[in-house]
Amino acid sequence: MPMKKFINDPANLTKELLEGLALCYSGKVKIVSEKIVVRATPKDSGKVAIVTLGGAGHEPALSGFVGEGLLDASVVGDIFAAPGAPKVLEALRMFKRDAGIVLVTLNHAGDRMSASKALRDAQKEGINVREIVTHEDISAGVDTPEEDKRGLAGCIPLYKIIGAAAEAGKSLDEVVEIGERFSKQMATLAVAMSGCTHPQNGGTIAVLPDDEMEIGMGQHGEAGGGRTKILTADETAERMIAPLVQATGVKAGDTALLLINGTGATTHMEMLIVYRKAAQLLASKGVKLVSGGCGEYLTVQEMAGFQMILCKLDADHAECLKAKARTPYWTA
Amino acid sequence: MPMKKFINDPANLTKELLEGLALCYSGKVKIVSEKIVVRATPKDSGKVAIVTLGGAGHEPALSGFVGEGLLDASVVGDIFAAPGAPKVLEALRMFKRDAGIVLVTLNHAGDRMSASKALRDAQKEGINVREIVTHEDISAGVDTPEEDKRGLAGCIPLYKIIGAAAEAGKSLDEVVEIGERFSKQMATLAVAMSGCTHPQNGGTIAVLPDDEMEIGMGQHGEAGGGRTKILTADETAERMIAPLVQATGVKAGDTALLLINGTGATTHMEMLIVYRKAAQLLASKGVKLVSGGCGEYLTVQEMAGFQMILCKLDADHAECLKAKARTPYWTA
Amino acid sequence: MLSLSQFKTMVAAAGVDIRAGEKRFSELDAASGGDGDHGTAIVTAFNAMAKAGGDDFKSYLKALSDALQNEACGSTSALYGAWLQGMSDAAPEGAAELDAAALAKVFGGGLEELGFTTRARVGDKTLMDALIPATEALVSAQGGGIGAMFRQAAEAAEKGAEATCAMRAKFGRAKNLGDRSVGPRDAGAASMACIFAAFAKTVK
Amino acid sequence: MLSLSQFKTMVAAAGVDIRAGEKRFSELDAASGGDGDHGTAIVTAFNAMAKAGGDDFKSYLKALSDALQNEACGSTSALYGAWLQGMSDAAPEGAAELDAAALAKVFGGGLEELGFTTRARVGDKTLMDALIPATEALVSAQGGGIGAMFRQAAEAAEKGAEATCAMRAKFGRAKNLGDRSVGPRDAGAASMACIFAAFAKTVK
């Protein structure tokens, strides 16, 4: 029985989807060396470059955010699998510059191991590169040590923030500082209603009973531990906002960004309904929301569910969010 | 057994999702009179206004395209159901102006009947309004009479084209002319892999056998007649591009826009893989593609599938596509 | 004579039966290739109509039409809106009672107005397959009195709705389905027959 | 003595068994809360390694590591890449044959390098649960000759893999699962045990 997916040979998924991206957004991105997505028109080499790495199968992330105002390059692995260290090193060599490079790594075992090796090798070669690791998933508890928190879709607004800072000509130290500060003030919590099919091997991931949902589900269907009977949208929003507020520390008078990232089959209708309640809860606490987003940024194939991302914003973060952006999937 | 959807009382879906839209994109849109979505900052009343109508449940369409450069207002019905004529008339009264109004109606029985009644009443009141009806679905055959072709997601690029023309200060006649010409040169074909759940009554729509897909599926799961065993992405693209090329009449040397509109559970990965093949086929015919799009514009709840929209562009259309746009779900 | 309060009771009775059939109407809609929401739509329509008032037929029918168009969505909003508007237009000014002839004129006027809103006629697998023969039967049965008029209308509506099983859809959402729409009863015809049946059993 | 060509045959034999177990390794990954792709990843790794060449242990092992890191993705790329790199580093310059002591040094070097890449140790429900005891057994069995070294390593790897069933995941994608990861064997430990079993049956 074939999978219910529009694909060709499962071995070529990543190659073909990247070719599609480059054809569809030809004015914005191109592919070099098969698995490295870069801007169609490179950024001034006097400015800090932003590079990231990660598996495919999460489209539009990560490569859909390469372009003016966000990433300079995304190094792509295979479906749900980090690229090997040599590819990451190749990308770092490509963007070697005096202004320096920021490498953004989501905290997942494979990504961290490839990034660490590439960073060691790059530094040996005299490449000026600093790493920002995102680990904002609070599903294991707000107090979990950083090393044990996964990096979820919070990387996307981070790309926007440091991308804008780099574009504005800030120094490597400044870009890293603004990014680290943003990173510490954001938190993500995911929830799933259904599993999904791995597009390469056809296996099902994270099957859930008909009447259950799971709070804390990871980005590849890894279990999160918070199984519960299906809640309403409002109840779900309440259950998620409380720990997110605790984790980010937003309080009355603060400005914040709220994003709902659909992970696959969950409709925009549902995301908007959830956003509504979450925004009302934040408003009742006196938190001021900037213009937010409901959409698919980083998906988990067709898994029904979403990630709620709350970011406490300092004035410079809010400024960076508004800056010009021209990427396939984030334009401002 | 509750539905696998993040919702509250099914009777309040439309109201709550619109409130969510207005909260999330507060700088861009607001709701008036409960079911009419308008821009947060109105357009200069000396310019032609663009109004559309249609059911909810298709988010981000239609209301996600209200904003600078596209729509002035969207009149919303209930899930998959056209708004009643009085609401449409109310919106037309709201945008009454010497420059005139264009009302865009997708060719579906309910929408057409409400629009026709509202137009008759508006014209009696001296409101200067012209209608553009979209009917670009070629699933019933390229030669089907216009009246029998449904309006699918081709309305979205049409909003962009006439929105830009209106913003540029063109007259009502000019805006209608550019829109009608664009409309005649575009065609859409839909394909579905799975059905979906009606979020109000929990019923399943358009169930498909495990090993089948359907070419020509309508926007609410209405059958299209083209059931087939599951094809690869490349085969699907080939089967769809051939009639789309015939319907639009694009040929070597022409410029065209290609959009893949995901209807729900189909991943961006798949859309990009399909786009790749479709773009290659068009390139091999000598057709030049402008920057396109793969994403969810007009969904059918969580139905797996997509609509492929091909638009032959004249020079003024290409110009309009590039113009500035600031709506929740189309920014340029 | 049919009094306004009798007629209001008939509408309320139809609402009860329509609500009881909600699921079936949605399933019929989906089964013949529609979007599976006719039950939702027709119940919403009756919920809206329940709020209408009026002291004579003309104003009550107008209030029904307005309430329905304001609150119901989809094809039902336009179709029932036009039907009820046409009935109101044909009702005599200020009358709180209708004799057989006036009643026939009211239902005739409803059908006529609806005929301007849709091109569908008998054989197109829509609610017209129930409403057209029902209206004709009601008009022809004038001699037999008001009870007979509704009884014959209900029979004709039921026969017309049953006949839609064998038809292919040509209007509305199911039209692209072709032969696959053959089999189930049209949802709109089914609910229309249900309404006339409720009228018939309540009027006596 | 273990000749290079013998060792290449052992790697090829491991590839055959790994391919045969592909589906099981993915299922184990999913069952313990991972992303269900370890079979895909380890097969990709062996497909990449099949392209590696080399005339002595050091360069062949280096070629294996490079091919794997270049073509395989995910944790497997980094973990196996480090393991093979460490083996190459520990291999004597230019040797196309290894005696028991050199072989023990090679496997010891692999484990040592891998220990810099991951903090996981015995008890964390990862491939380390198979590899650490396997390496220790291989080193201790030096006196019994090359055949015995691989036989005892394979036994230890199998026992280590089996022990992972009772463990909770602490590293990798399954770590957030807590108690729900208890039950199935760790996917990476299972494939590692499969590799040592293939080595043992091929070496003799």
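General observations
Residue numbering begins at 1 within each chain, and the chains themselves are lettered A, B, C and D in the order written.
Operating definition for what follows: a residue touches a chain if its C-beta (ideal position, glycine included) is under 8 Å from a C-beta of that chain, and two chains touch if they have at least 3 such contacts.
Everything numeric here is computed off the predicted structure, so don't read it as measured data.
Under the contact definition, chain A and chain D share no contacting chain.
Taking each chain's centre as the mean of its C-alpha atoms, the one that lies farthest from the centre of chain B is D.
Taking each chain's centre as the average of its CA atoms, chain C and chain D sit 74 Å apart.
If each chain is reduced to the centroid of its CA atoms, chain B and chain C end up 32 Å from each other. With centres set at the average Cα position, the gap from chain A to chain C is 54 Å. Work out the mean CA point of chain A and of chain B, and you get 28 Å between them. Taken residue by residue, chain C touches two or more other chains at no position, since every residue touches fewer. Contact of a single residue of chain A with at least two other chains is seen at no position. Arrangement of the chains shown, judged by which pairs touch: a linear chain-to-chain path with two open ends. All chain pairs that touch, listed by label, are A-B, A-D, B-C. Listed in rising order, the residues of chain A touching chain D in the complex are 55, 77-87, 108-110, 113-114, 116-117, 139-140, 148, 150, 198, 200-201, 203-206, 216, 218, 220-225. Touching chain A in their complex are the following residues of chain D: 22-23, 26-27, 30, 33-37, 39-41, 44, 66, 68-79, 81-82, 117-118, 171-178, 180-181. Within the complex, the chain B residues that touch chain A are 1-8, 13, 16-21, 23-28, 56-57, 59-60, 64, 193-194, 199, 210-211, 213, 230, 232-234, 236, 258, 260, 264-276, 279-280, 289, 291-296, 299, 301-302, 304, 306, 329, 331-332.
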